[in-house]
Amino acid sequence: MAGIAVSTTINGDKVEYLCHPDETLLEVLRDRLGLTGAKEGCGTGDCGACSIILDDRLVCSCLVLAPEAEGRRVETIEGMAHGDKLHPLQQKFIEHAALQCGVCTPGFLMAAKDLLTKNPNPTEEEIRFGLAGNLCRCTGYDKIVRAVQDAASMMRGAA
Amino acid sequence: MVEVTLWGSLGAAAGGRNKIEVEAKDIRELFRKLSEQFPSLEPWIDRGIAVSIDGTIYRDTWSKELPEDAEIFLLPRLAGG
Amino acid sequence: MTVNFDPRYLKREFQSVGTRPLRPDGIDKVTGRARYGADFNMPGQLVGRILRSPHAHAVIEKIDTSKAEALPGVKAVITAADLPNLTDGDAAMFDVLDNCMARRKVLYDGHAVAAVAAVDARTARQALKLIEVEYQVLPHVTDVDEAVKETAPILHESVFTEGTETRPGKPSNVAKRVQYGHGDVEAGFAQADFIVERSFKTEQTHQGYIEPHACVASVGPDGTADLWVCTQGHFVYRQHCAQLLGMDASKLRVTSSEIGGGFGGKTHVWAEPVALALSRKAGRPVKLVMTRDEVFRATGPTSATSIDVKIGARKDGTIVAAEATLRYSSGAYAGMWAELGAMTAFACYRLENVKTVGYEVLVNRPKTAPYRAPSSPQAAFAVESVIDELAHKIGIDPVDFRIKNAAQEGTRSSYGPIYGPIGIGPTLEAAKNHPHMKAPLGPNQGRGMACGFWFNFGGQTCTDLNIGMDGTVSLAVGTVDVGGSRASLSLVAAEELGIDYSQVRAVVADTSSLGYNDMTDGSRGTFSSSMATISAARNAIKVLRERAAQMWDIPVEEVIWEKGHAVAVGEKHGNLGRLSLKQIAAESGKTGGPIAGHSELVADGAGVSFATHICDVEVDPATGATKVLRYTVIQDAGKAVHPTYVEGQYQGGAAQGIGWALNEEYIYGEDGRLQNAGFLDYRIPVCSDLPMIDTQILEIPNPNHPYGVRGVGETSIVPPLAAVANAVSNAVGVRMTHIPMSPPRILAAIEAKGSG
């Protein structure tokens, strides 16, 4: 079959796939690799539900062409926990009820992880602007911000 | 004997009348008697009506008893989100 | 069996209800394991796509699908011809059918006209381009005020206005006129010392759920079918799909996926009958996922409205008359939106003379669907704005003015019935004393407050409670979990059985496993299913007592259930001690088999709910941009089963209302096409737009529920439009009458004031 062969690393594992040149990384993750954690909310990079981390950069995977992952490191929500040990952000999201329907949650967790990597002690305003690329329609963001604050504090304490 | 008020679109369907006296002990009997008096109400009843009994809004459960002298309002079945 | 509120519960100390444990589906949702509508696949599935009209109003002259059918990889193409009319005179279902796929006319930009199922997405897209449709374009009308004019293009030749005194002679876009109220408003206004009369407009908005509609449909050659779908009501979807496709409902099994938001927008079918029809024709499963563009263009947004309000009061602050005329757009097919507006507009108040007239107006826009307390926010915006203005004119504090005129137990509501015990007074008193009211305001800042009302429903509900031999409890419910209800229902089961929350696991069962359940709408999820859960648990307790009696070999009358244990009581057997649920369950195989409790009931008497919101804003006079500084929600929940999730509902509804008030609107062009069908230009609030949202839960028990629970999900979207409008109006010194109050509208208002 025609297609571009791509060799990449996803959540620490070497992965190879074939794709069309105009397929997005989001489509490959969901439809070819069975990694359905990233969601398509809009397909145009406006909602952040498809957020992943590509070589330490937060991106909308619906705006990344699948061949662009060649030779790079991809992190998705599926790689956030280590075995049965949740990442502090995941734990705090549950504790603070920072999710209702949960469909935006994987994207928010990726964005929050990226934010705290770059800014381990953010103010409330920095958190709000740092997460402004992710849409949530259920929570009004209040409990999401509190969860991120609490997780940041926990991560600073452990560091 | 209960006094039934038909409101909004139901009142219009009953020819504009909106307060009616009916002898009925439960919702099923009420609907039967109303359909007899006002055949134009039947499609509304089939589709589903909300019944307010002394201020609380109920579904159209046939066996729901109508207390004597209760204030009954029939409202269109409500949609929610 | 009716389950009524036991007043002893007022003093009862709940063990589980009212606590805040972690939700059972939390881990799946934070790890990406939870499966939503588009996360499911069936072997051999095809990709479904829908062809949509580019015209707002046109007759379909001809559809030629031959080229599409001939494209390699295309396995089925359908049009309305593949969906015969089986609605048997049911006008409402016929509208659903026509909306799913246009039969003769297209009535809005995005109306479905054909669909394909192909081996992959690219082939499906190509196939759509090969379908040739000939349209005869007709004039269109998209504005609610334009559509009522004599000269407006008519959508349906068969629609004559219902509810007028004399039968109209010609068709109209006004599908219905409804009237509510009591007393004599003319006489009332004659007594008024002050009158305020104003007109308002609100633009159309969308529920904005982040997950687009998605389903996988599989129809077998024997007519049995499976449907995996994100929905607020899988039983309702089953019924509607079966009816439209001519299937037995029992042959269609619908499984509800996790749902990525609904808010009323996933209570109707759009793509699902199409997916089933495609699968039936192709003989293979079909996965149909809507794009965001399709969601905006062709699902079910709210009504746009045009509302006139007139309220009169005496100088002592008593309202003597209130009147409203409300025009609601229903999209291309009539609904009951104007009627709900007419019913809810003055529901917060105690009025001797009140009159509301509602007009349901057809326009060339998508068919309106419910959005969280449908029609109430728009009416509240108009009424609460006038209430504020009137308070100001009289010289009385806006909260005190509302307290003085608030509905109470015994008040005749503006929609007819007399109220029982209600919470509006308490929410207003709580607002008056809330610290938010004392926060200082600076330049260009303004404070606004408003009240809101919603009905809340009950409905048909089934629940199965099964006790495993290890003593853990499986709770199968039929109400889709939109925001954490599985946690709340587990708390209720734990409370009734007297066991720990961790021993209960709640799941949402599919349509083959439970009897019919009405959908999760009308704030009924927790209210209804908790009632059924309580009933099922009490039935299970009966069985547990019988088994314990058997184990002890004593009469069952001498066994009571207390704190998770069977206890032998009475003179003869009081010394036998206790048997835990675990112990009884372990022996169940020998004492009569599996232990379970079931409940099928119509949960009813949900009780109305009220809320009061307070909002502070700062408006930039140079740009018209509004920043929300502070926001407080005060609402009566009856009894908060899981307080954290109740807070979540309050905050979520408030955020949607703020977006509606400040930015969200559908923008149609002169050509009748939707111009902003995406999240970039349909601007919902983002994290940086909002402050922390403060919540206060009041608990005035609902006498019709064993724990006093009221529905909570919807009411919180009702006050924000008015609360924000009152705040902005106070900040800029001009009464805002057009929602959303986007920067250009605010700037225009400031400029008009300056030059006036």
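A few remarks follow.
For clarity, chains are labelled A, B and C in written order, and residue numbers in each chain start from 1.
We adopt the following convention: contacts are C-beta pairs under 8 Å (C-beta built on N, C-alpha and C of every residue); 3 or more make two chains touch, one makes a residue touch a chain.
None of these values were measured; they are calculated from a predicted model.
Taken as a contact graph, with one node per protein chain and an edge wherever two chains touch, the assembly forms an open path, each chain linked only to its neighbours along a line. Taking A-C and B-C together, the chain pair joined by more C-beta contacts is A-C. Here the CA centre of subunit A is 54 Å from the CA centre of subunit B. Computed from the mean C-alpha positions, the centre of subunit A lies at a distance of 29 Å from the centre of subunit C. Note: centroid distance subunit B to subunit C, computed from Cα atoms, is 25 Å.
Across the assembly, subunit C contributes 207, 263 as residues in contact with two or more other chains. By the touch criterion stated above, subunit C contacts subunit A in their complex at residues 20, 22-23, 25-27, 29-36, 38-39, 122, 207-212, 258-263, 289, 291-292, 482-484, 644-645, 647-648, 651-652, 654-656, 678-680, 684-688, 690, 692-693. Interface of subunit A with subunit C (complex): residues 20, 30, 35-44, 46-47, 49, 76-78, 80-81, 86, 90, 93-95, 97, 99-106, 109, 125, 127-129, 131-146. Residue ranges on subunit B touching subunit C, taken from their complex, read 5, 7-9, 11-12, 16, 47, 52, 54-59, 61, 64, 71, 73, 75-76, 78-81. Those residues of subunit C that touch subunit B in the shared complex are 92, 162-163, 165, 176-180, 207, 263-265, 267, 335-336, 339-340, 342-343, 358, 369-374, 413, 415-420, 455-459, 521-524, 602, 604-608, 704, 714.
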